[in-house]
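Quick one: the structure is below, and I'll ask about it shortly.
Here the chain labels run A, B, C, D and E in written order, and each chain numbers its own residues starting at 1.
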Amino acid sequence: LEKAMKGRQPTDLMLRCTILDADGNVKTISGQFRRADLCSEHRLNPRDLRKIDSRIPNLVPTILVRKEVILVNILHIRALVKADTVVLFDTYGSADSRLHSVFLYHLEHNLKTKSPGLPYEFRALDSILLSVLSALEAEMVFIRNLIGGLLAELEDDIDHDRFKRLLHYSRRLASFQNRAKLVQEALEEVLEQDEDLAAMYLTDKKNGIQRRLSDHEDLEVLLESFSKQVEEIVNEAENIQSNVQSTQEIVELVLDSNRNELLALDLKISIWTMGIGMGTLVAGLFGMNLKSTLEENEYAFGILSIASLLIACLFSWNGLRRLAKIRKVGLGSKNRKVSEQFLLREYLRSKGGEGW
Amino acid sequence: LEKAMKGRQPTDLMLRCTILDADGNVKTISGQFRRADLCSEHRLNPRDLRKIDSRIPNLVPTILVRKEVILVNILHIRALVKADTVVLFDTYGSADSRLHSVFLYHLEHNLKTKSPGLPYEFRALDSILLSVLSALEAEMVFIRNLIGGLLAELEDDIDHDRFKRLLHYSRRLASFQNRAKLVQEALEEVLEQDEDLAAMYLTDKKNGIQRRLSDHEDLEVLLESFSKQVEEIVNEAENIQSNVQSTQEIVELVLDSNRNELLALDLKISIWTMGIGMGTLVAGLFGMNLKSTLEENEYAFGILSIASLLIACLFSWNGLRRLAKIRKVGLGSKNRKVSEQFLLREYLRSKGGEGW
Amino acid sequence: LEKAMKGRQPTDLMLRCTILDADGNVKTISGQFRRADLCSEHRLNPRDLRKIDSRIPNLVPTILVRKEVILVNILHIRALVKADTVVLFDTYGSADSRLHSVFLYHLEHNLKTKSPGLPYEFRALDSILLSVLSALEAEMVFIRNLIGGLLAELEDDIDHDRFKRLLHYSRRLASFQNRAKLVQEALEEVLEQDEDLAAMYLTDKKNGIQRRLSDHEDLEVLLESFSKQVEEIVNEAENIQSNVQSTQEIVELVLDSNRNELLALDLKISIWTMGIGMGTLVAGLFGMNLKSTLEENEYAFGILSIASLLIACLFSWNGLRRLAKIRKVGLGSKNRKVSEQFLLREYLRSKGGEGW
Amino acid sequence: LEKAMKGRQPTDLMLRCTILDADGNVKTISGQFRRADLCSEHRLNPRDLRKIDSRIPNLVPTILVRKEVILVNILHIRALVKADTVVLFDTYGSADSRLHSVFLYHLEHNLKTKSPGLPYEFRALDSILLSVLSALEAEMVFIRNLIGGLLAELEDDIDHDRFKRLLHYSRRLASFQNRAKLVQEALEEVLEQDEDLAAMYLTDKKNGIQRRLSDHEDLEVLLESFSKQVEEIVNEAENIQSNVQSTQEIVELVLDSNRNELLALDLKISIWTMGIGMGTLVAGLFGMNLKSTLEENEYAFGILSIASLLIACLFSWNGLRRLAKIRKVGLGSKNRKVSEQFLLREYLRSKGGEGW
Amino acid sequence: LEKAMKGRQPTDLMLRCTILDADGNVKTISGQFRRADLCSEHRLNPRDLRKIDSRIPNLVPTILVRKEVILVNILHIRALVKADTVVLFDTYGSADSRLHSVFLYHLEHNLKTKSPGLPYEFRALDSILLSVLSALEAEMVFIRNLIGGLLAELEDDIDHDRFKRLLHYSRRLASFQNRAKLVQEALEEVLEQDEDLAAMYLTDKKNGIQRRLSDHEDLEVLLESFSKQVEEIVNEAENIQSNVQSTQEIVELVLDSNRNELLALDLKISIWTMGIGMGTLVAGLFGMNLKSTLEENEYAFGILSIASLLIACLFSWNGLRRLAKIRKVGLGSKNRKVSEQFLLREYLRSKGGEGW
């Protein structure tokens, strides 16, 4: 724990990051910077930078608004957005370099287009959120296909191995659902706080333009649009989830019902076995080395053979009849008509009892 | 993913749409328009139009209020309502052309009746919401009938195939429930925001009539009425849902209980089989080619036959008695009286222990 | 669907209703009125009256406050309360005429007592809510008795038919719970909106007395009192519901445990059958028409009979011993002591590992 | 119902109550008072007094603040607190007279200590809430011990009777949980309303001291402290509840798994029985009174005996091998390595498909 | 209960505590102080000190802000923070002295660093919260490893003992989850109340510096940071929880499916046994000491032996065919195509019926 403690104190660790300048050009790629330098340069509290620190895996995404900086830490992206610079921190273990390079390309492109529309920092945010959204969408489509395929397989045959795969997929779905929800919550948390929204107009702040606290429609529309799309993804994940849930429930019922059928067949077999055993007992009795006085009877063999077979059938038939009586299962009570009249009478009486 | 990215950038794609003019006459049917043109004509942000873009299936319905336009995207309807025009976008894959033509007919009719009541844009909204409501109602009635019929069938007999149909129906119900809830949320979201409600008086805005922010009773009553009716549908869907749930639970109990009955019968059969086997063993012993000194006894056959049958019965009877003891299952503990006294004593002591 | 559409447009349909005048006397009983007339007479929007229209069954209860009218639609009561008139709409299919006549009697009585306490419209509301409350209470008591009786029966014996009845009762309970909750929500919705509460002082409005928005304590106390009582009913229904739930869970466990006992007995029987079969095999071997060289041995019969019975017992005893080992089921791990020490050590090590 | 109606109208029923005066001395013990007198004396609405009326069991606890009176109705205590009097209503059926007398003793003591701390009415409230808290705590400890003991017993052996007791205990726990939650809600409801809190300073009101609406820190600290303690109790009850829940789930799994073991042993027995049956068949064939040409063979008996035993073993061994294959159950798919590579490839392809 | 009552009154009990002075030096270690002295010295209400009283185990953590003191009672730490003193109360039974000493060391260090950053009381809070966070993290990692290991074991083999361990672990997880949530709630409760936050600037209060109510950014950032980290832990615990849940569900399905396989094998065995029994019956019939006229037939033995074996096979084959029919279980209805067309037709008709 001492280590953990130390790990929390500001140390002079190096962070690898990529920096884009005000024109959208990449200034440094994976350059190493000292944490303390970053803090002082961007006027950040070391505590804030710890969030972005790429070595600690963070589940809960955050969008922090500081004096001159927006700190974004969502899924695979950890970035620091200023009015004229974007610093992207490398996340260790993010093998998915393709995703990253596409993102970088799009970000560069987006920052370069100096359309009169959005200020620099919002264009950066737009690219970041778009990358997050794409990653979520891709994963959602992937999981949906996985689970959809498995559920379709279950239509054909229910077996062990599919349950195990279902387990792995639904764990995965749960973790995805969790992540997507947290992203949505992070977006909504920002949207709910007028001060944060106003504080995100970094360019205006830098240029000394005063804004009213409630004047942030552009940003709100931008964030709301992403929030809606993430909500759609969360919603779809919940749909899949409820689908899996109801499939599990029905599979259990099907297995249960199948078991009853197996048992019923087993019973039939047992009944026949018992009948046959009865016949064997009769045959065995006459197989005893004792005098049965029928030894010399000509027809005794035929009669007793048929008799023992008949006894076998009789016992079996008796058993099967009982089975048939049990097998007939329905939810309707046999004496429902009666019971409903009873209900009505009871109801009327209960009201009569209250005497209103 | 590059494609997805591009798909998000404003492209010059064509949209098919039907346009109604200020008198409620259809000006264009399924005409093709360029996205960019639509944006500039109606002073829309391309981002907004993307929502309405009919090629992307949208789960989450939205009612967006912009400067001169109300954008509606609920279920099968994607429309753009202005103070003197209604633009209906064709939804691909909406095979349900009958629903659409009835809607169009009603909309035309509604827009033409220039009663002094509601302004143009609210009459359009009224038609749109009525069509949405009808679609929801029709589907709800349909699903209720499907599930009601299935549950009634389950009253008669519980079997495999019905579970499978139950699965399909309850998936369908879940998806319907989800859609209906989202429609309700969309309506309530608009109702909660006074600015949006005020901004929806497009005709007044166009005519330059100033309105107070809180003065929007007509619209509120209109939307609230639809919201209440959608709530009723959602509520009914939840009722069906809980009905399915409790049926599933009871079916499981019935299957369990039935299984126990099958097992009990099986046991009876097994017991009889064992008894018969015991008899056979005795018979077999005397069937051995060995000297039993009874070979010549006159009554030995009769006595031993009866004896072995008796042994069979004895063993069986013993088994059946044990079975009967297990079969008797109730929730009441036998020694309840005692245990309740115990509870009371314990309780008093515990209080005494606290010594208050 | 065209019909549905038409059904929604103002038609000249007749409504049957009973009217009470300012002195509480019944002016008209089940008189027929045209919808349009009612609307114009009471200055109502046709949309509002549609709610009260008795032919459409409404689940969600509503209390609407309009300019001169309070519209109440809760459970079996659909009424229109003015400052000097109460219009009660007949609900089709409300066979429960007794409930209705008692309500009418109480309403008349309540309106006639011109005590200086509450104004006319609140006395009418009081009667209406009291009738609603009584209906809810009566149904709750009825359902509680039904379910209580059934659960008591389950104490004695768990069987098929009772599950089916449980299903019917718990469906009924769910629907009741839903209705009660909706009534409570309707009451609370009114209570939460100061404007609505203020607007309900119809007599004062009629007499031109100005009231402050927050001055509505009488009405608040009246509604709150009913709301609390409905809450109590909802709470009790939830109690019953959770009772049913936990009973179902335990019944499942009891059935499971009973099944294991049945299986264990079955196993014992199987084991004995196997043992007996072994004995029979030995006997059968010596029953073969082959030379075993023991044919003439005097003691062979006795010895082999006993031997085969012993073999039967040996095999059975062996099987039973294995069974006993499996049967002993408890939640406690045998090597708990050990494992807990393990846990502790592990825990300490893990903390040591963090090195704090 | 007429009765119920009447029961609600102010009648001249007598209430038994104990009265303490301003010095904390008991003035009257279980004196009888007419309802109407109490109402007029304490300036109460009859509707309010109905809540306290001890003959109707009330689930939902309430703390009502009226002009000169605080009405408290929580669990076993129904009291009316004024600036210089406390009226305790006797609750019928409250056999727990010991609890009551201790409460009375503490209340007297608390009222007599005229420390400069809290005013009269808050000292009364303090005693009342303390008694409520003690009752809740005592019951919680009692239920915790009951359930803890039962769960400990389940560690040893899982059987019928314990499930039944579990059912009774968990019903009891649910009802306790419900009551505790309602007490907490009642406390929080008061804490949330500044007007109510301010209105509870009865002594200041009587002495004509004006207080600001927000100036009620003493009372807030007092109520908050009790609220926290009740929260702790609710929290503990939820812990027990979740403990019971997870135990039930695991018990079901253990029973299921035990059943599979029983079935596996049953299968083994069946397999042996089949093998033995096969041997018996062979023996039986040679026991037929037919010519097998082996009758005189010296070694035939030995050979065939051994052969039939071998056949028995062969058949059994074959069956057991199949069983062993089925018995091995784990959650891991055998071809997991493969499937995970498949997953990865699929994932990459899906992302490639989106082409980002 | 009298005892409990007394336990609540201020008694002259001694509390053991460690005191740090304004320079961060330990003044007293485990010194004994009278409760009353502490109250008067720090101007505390005895009611407040009761919370900190270390002999009563407290589940719900609290951060109370009083005039000159912040009272902290979270997990293993019970402290009293003033502008120039920190009093740490010893918790009895906290065997974990290592955790405590590391905490003390860190606290001392943190208080000594008189950086211009945070005031004395916040540095103390920082150390306290850091210790709490470390404890939570350590336990979370420990539980995650325990459960992760167990779930991995379940991949290999599902058995009794593992369920029992799962029960113990998931109880532990639930209790941990509960504690972590309560810590988060305590932090958020403080964060939500501006007055409390402002009141926590003890140093400024002492120095008589006036602060605006909303001016507490430093503290907010500090607490928010810890709150976020606790949220992350809670989130992870929920992930583990849902993992356990879905594993349990799938294990149940796997056990169920395995049981069906066992039953199917059992059935096969039973079927073979029955067939063999049939053969034995035939053999037994010919073993009867009766005249079958075939006694001298040369081929009778061979023919009948084969015949009885054939009969055995025939009966078995018949049984196995039936079994195979039952065994094939899938979720897809065989007549789905048909039923879907039916659905569509039904749907269209239902819409036609509404006639829109």
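General observations
Here is the rule we use: a residue touches a chain if its C-beta (ideal position, glycine included) is under 8 Å from a C-beta of that chain, and two chains touch if they have at least 3 such contacts.
Model, not experiment: these values are computed from the prediction.
For the pair chain B and chain C, the CA-based superposition corresponds to a rotation of 70 degrees in steps of 5. Annotation: the chain D:chain E pair of sequence copies touches via predominantly different residues, less than half of the used numbers being shared.
Each chain gets one centre point, the mean of its Cα atoms, and the points for chain A and chain C are 29 Å apart.
Mean C-alpha position of chain A lies 18 Å from that of chain B. For chain C, the set of residues that touch two or more other chains comprises 1-2, 4-5, 99, 102, 134, 137-138, 160, 164, 167, 247, 250, 252, 254, 256, 258-259, 263, 266, 270, 273, 277, 280, 284, 287-289, 292, 329, 331-332, 351, 354, 356.
Contacts from chain B toward chain C in the complex involve residues 99, 102, 106, 130, 134, 137-138, 221-222, 225, 228, 231-232, 235-236, 238-239, 242-243, 246-247, 249-250, 252-254, 256-260, 263-264, 266-267, 270-271, 273-274, 277-278, 280-281, 284-285, 287-293, 315, 319, 322-323, 326-332.
Against chain D, in their complex, chain E makes its touches with residues 1-2, 4-5, 8, 45, 47, 58-60, 62, 151, 154-160, 163-164, 166-167, 170-171, 174-175, 178, 182, 247-248, 250-252, 254-256, 258-259, 261-263, 265-266, 269-270, 272-273, 276-277, 279-280, 283-284, 286-289, 292, 294-298, 300-301, 304-305, 308-309, 312.
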